[in-house]
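See the structures that follow.
The same chain A turns up in both complexes below, where it pairs with chain B and then with chain C.
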Partner chain A sequence: MRKLSLLIIIIAAASLFTIGCGGDESVSKTSQQESAVSVQVSVKALEGPIAETPIILTSAGQSADVKMIESLLKKGGMEYEINEVLDSSGLGEARTLVIAIGGSSKGLGAAGIDAEDEIDRIDALLKEAAAKGLTIIGMHIGGEGRRGELSDKFIKASVEFVDYLIVVEGGDKDGMLSGIAAENDIFMSRVGSIVDSYGALKKAFP
Partner chain B sequence: MKRKHISAIIILIGALIVTFYSGRMFLSMYQEEPIVTGPGVSSVVKLSTYFPGLEGSYGDTDVYIMKGREPGGSTLVLGGTHPNEPAAYIASVVLIENVVVKKGTLYVIPRSNRSAFTHNDPQEGAPQRFYIETPFGERWFRFGSRATNPVHQWPDPDVYIHAASGQQLSGSETRNLNRGYPGRADGTFTEQVCYAIRNMINTEGIDLSIDLHEASPEYPVINAIVAHERAMPIAADVAITMQSNEVNIGLEPSPVNLRGLTHRELGDSTETFAVLMESANASQGRLRGRTDEALVLSGVDPMYEKAADLGRLFVPYDENGHPLEVRVARHLFGIESFIISMSSYDGNKAMIVSEIPSYQNMVSRGVGAYLLPVE
Partner chain C sequence: MKKLMLCLLILVVLSTAVWAGGQSEALPDVQTFSVNPDNPAIARADVARKGMVVSGKPVASQIGAAILEKGGNAIDAAVATAFAVGVFEPNASGIGGGGFMTIYLAEEDRVVVVDFRETSPANASNEMFYRFFKEDKSFDFYGAAFSPQAIGVPGEVLGLETALEKYGTMTMEEVVTPVYEELEANGIEVTGNLAGIIADMYRILSLNEGSADLWLNEDGMPYQVGDVIYNPDLVKTLKAIAKEGAKAIYEGPIAEAIVENVQALGGVLSLEDLAGYKVEIREPIVGEYRGYEIVSIPPASSGGTHIVQLLNILENFDLGSYEHGSTEAVHLWAEAMKFVYADRSKYMADTAFVDVPLSGLVSEEYAKILADKISMESVLTELDQPDVWPYESSSTTHLSVMDGDGNVVSLTKSINFFFGSGVTVPGTGIIMNNHMMDFDLTPGSVNGIEAGKRPLSSMSPSLVLKDGSPFMVIGSPGGSNIIVAVAQVISNVVDYDMSIIDAVDALRLVSKLGAGITIEGRISDDTVKALQALGHEVSVKDSYYPSLGSVNSILIDETGVIVGVGDPRRDGQAVGVK
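Let's look at the complex of A and B:
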């Protein structure tokens, strides 16, 4: 009886081990191959200037990407103001709204707001900017790292309102951003790196 | 009855042998690995110089000072805040053994939480040491714990209340150096180490403080810089520089309501530009498979490859893993970029530092090529 119990325990343990360590190799390799393929959606390229200064720069999602865009604007000598938590009453004399798209839980914490409040702010701001005739330029420069549940909320809340979208290509591997741009007839530039994004931004100005 | 006595004696002897050997293994973690003083080191002082209360304790650790001939800005690099994050420690050792400062002063504390090097985390199955091949033979380094050794600070409270803010965290965080800032002279052992580091920054007027870390691949803030708001313009510049050189790194602001961390407290309580850098370390993650020296060195882990396929990670993960030399190279590239960026941001804080191994050289030649022979 003892030997039988021992045998059953050994078989059960071996089965568990096999399940635990066993190979979905074919599954994981397949999904690995799938994830390596980037989705390409054709989008409308920007052919000439559509924006004018002064620029007001804000964030959609409170990531520090807005600071990197500020650094590029400063180095490029462009005239701008920055307000990461700009509300719809603060557009002032700006003629172009540049919005840095991408969520950061640390950034939201730093600003003392939650994701839902941030979405409400962006929604009101973008609607007001459109009503006032401002050119709206969206920049997603964080690549793959600035995608995921939190960032995607801000992408969905903002991209359809922009006139021109600049994306560092790692952030659009699944074609989500270019899909929204194509659907909404938005000009879009895919660039290789954040430094290239400044060239794409500059193209929008005379 | 006699048989029972014999069994009891055998079990007792067995227990004593296990206790003896495990005790020896535990105590062996107190032996410090050699760090070779490089050509650029002008002096080595103890942290207790800045807070005598630490003198003679396991909180008292070496501060390596590399002073240039020309006065200029100053930078502090903290390695070993969490000794289970080896790239942070090794990057600081590479600085000590290689770097020459021509203008300004570089301070490096490789074992910021020295006590945490004297044990590793129970039930994690982590190796005690890892070995790096060099042209002169093998060098060894300890893989320690995230927290101060309980031998040096005990017991943990049920709830850790951060003294400066009243923030509540789980009790074990009371031994986490990166939750204890700005520290207190009359606080816990860990808080006293924090206090000494803060005093050092204030006493020396250190312009830039870089706290090196690693994070598990499933943690959202990874391959990233976290910067205090005053340091943000410099950090943005560094992130752009690194990304332009195809080193993918994110930038995150230091939350004002997350207290006790270097990037918040050192930025608030001193004049330093406070930043923290993270690289990807599978050997401290929760999803890892076999935890051994190979994992520490190569970062190759089939479990993390699967997690990446399932979209559960915040860094790309494939069969190449995240090798130690790449993680160290990222930190060194970040440090060099910060020094250059600070120098152009404020000419009064300019530094000229040479012999930091380049990213490409560190990745292609490996860490061992930049470690000196132990005499």
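Let's look at the complex of A and C:
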């Protein structure tokens, strides 16, 4: 009896499926439209150079993204210094501060610092850099994977201080980064990949 | 018209299937094993009668299940799956690592343990790590972990070969061929999990030529989700293993390439170390929890011993009377865990070198003494021993396999940190472990480095027996969190009568003296506040926190239905043989 019931149910389900066969295109269109929804905020595009060398590169959150940016600078032949735990007294002769934004608990652990100390360091550094008239360029290149509770702390602590923000677009699906940029009148470039971020960075220099 | 024909055809096929199904009892649906329709573990589960493979990667489980379908037994399938998971989850385990397997042989009704944990090279010593002590006497653990001195003598291939020859039915060629064929044809899919790990490990991978060439893209940047990584050198290595067996790794050109590369980087691994590596066949640790027999790994892993100890302590409380995840239940777990981790630090090491009071640690009398120290009204703030091994990595992998004859394999293996030492040997596709970091450099420690010694592990491939027969096959990655992850899933089934799918999904925690409770984000705010009021420090993590394990499990119910489930915290997947 149970088997007979099962058969009836399956035939009924299959019949419904048959009826539905003609309608799947519109269903799929709807779901495609839904999945494509992302927050689009209008931001100010960079129109010309705003920065000059020498560059000093540091991290906000101790993720490995800072090393990826270093690789791009090295490959591009740009003159730079790197100090992943740069403090406000270490800006030296630099004219531009590039900051790799994104948290990593492993990176913080390896550096022997906790998130709150890292935020304090960044806050003091960014304020000093601004006071000294440096151009500050923020780079969030880790995409969607470099978002979440930890990384968002560093985004909130740093983005409003930057003059120019470069974002690999997966990291701004919710519009958080572009929202802060728009609110603070910050130049912003969205790029498709980490490698593309170098082109956006280069645009900031003569 | 074409659509109408297709639909009619589907109707005919379904009708036929139903009548054909009348020939044998239908399998229950996976969803019937969860009380929560939104449980993410459902998508990673399967139900079968003739066998089951659960591993950290879907493609590895499929390769193992195909071996069962070809007539291989659980050991054959486990060895194939182990090779496959080492290829397709390259960050966690592989030829350059080691591990443990617990095997239940149905015909002989006995359990054996195959220990293929790495050993210390003959020329290794505590002193070789002293250069990582900084001026302020702090230790640069990560500097040491990614140094070539951290590479131990790998045991994986000889361990898998030993298991296959002693307890399997197929040849190495039969179990390895599908692995390299899949790798050659389709490469390694970069999932979100793998992409995140590569990005996190960029610092390390970019520093090693072999790793940068293989694990970073042509721009020298991390691969992205959806990319495919091809590893032709590993295909060659696997072909050599298929043809020559473990000998291909422990002597000859591949061994020479490994040693040459490691020594050029400054490591101490030698050809003699590789040629002299020995697998150990051991008796399991056995305990009992509320009528179920817990069978697990003895030293050189601490895991089995401390799972039994933890459950022994909890057996003194009516845990099931407290709601799962309630203040009382979390408090009990948190307090009991503190004792276990303290004892682990004090006593545990390779028993070939050190006397370990194993029978005491797993005795119910000792557990009662510890249980009596737990108060429901206050928090333990002092024990005799601190945890001196806080750095064990969570990058490991576990697989569980059962065949239609009732043979069972529980297997955990690792290269320690994500991508091990970060050293990929050019021309071989092999990532070398950094398991020397599981030794303790504290002077006088029972777990100090000695030539040929196995570093302490937490890997716990375990079985739960009911009335003498396999009931659960269970294990996890997660470093020292393995112990508590496995114990919690066992308790969820035994104390809360959860299905294995819900038990794997359920909220997890870990607690260590001085580190407080780390718990998943599904805990209620009120419970967190109540725990804090008791005196606990509570760190709330993601809803599904990968560091709290990936318990890829099997449960065999009383009707003979085999339910397998991959842990949704990572990329686990069950594949059944219907």
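Miscellaneous remarks
Quick note on the criterion: the second predicted complex is superposed on the first by the 170 of 206 C-alpha atoms of A that agree within 3 Å, B and C clash if a C-alpha of one lies under 4 Å from a C-alpha of the other, contacts with A are read in each partner's own complex, and residues count from 1 in each chain.
Criterion: contacts are C-beta pairs under 8 Å (C-beta built on N, C-alpha and C of every residue); 3 or more make two chains touch, one makes a residue touch a chain.
None of these values were measured; they are calculated from a predicted model.
Shared-chain residue A:S104: touches chain B and chain C both. Residue contacts after overlaying the shared chain place A:G145 against chain B and chain C alike. Across the superposed pair, chain B and chain C both touch chain A at residues 63-65, 67-68, 71, 104, 106-107, 109-110, 112, 142-143, 145-146, 148, 193-195.
Residues 220-221, 223-224, 226-227, 229, 232-233, 235-237, 239-240, 243-244, 246, 248, 250-258, 305-306, 309-310, 314-316, 318 of chain B are the ones touching chain A in the complex. Taken together, the chain A residues at the contact with chain C in this complex read 3, 6-7, 10-11, 14-15, 17-18, 21-22, 63-65, 67-68, 71, 75, 104, 106-107, 109-110, 112, 142-143, 145-146, 148-149, 193-195. Residue ranges on chain A touching chain B, taken from their complex, read 24, 28, 31-32, 35, 62-65, 67-68, 70-72, 104-107, 109-110, 112, 142-146, 148, 170, 193-195. Residues 3-4, 6-8, 10-11, 14-15, 18-19, 21-22, 26, 138, 142, 192, 195-196, 199-203, 206, 219-222, 224, 542 of chain C are the ones that touch chain A when the two sit in their complex.
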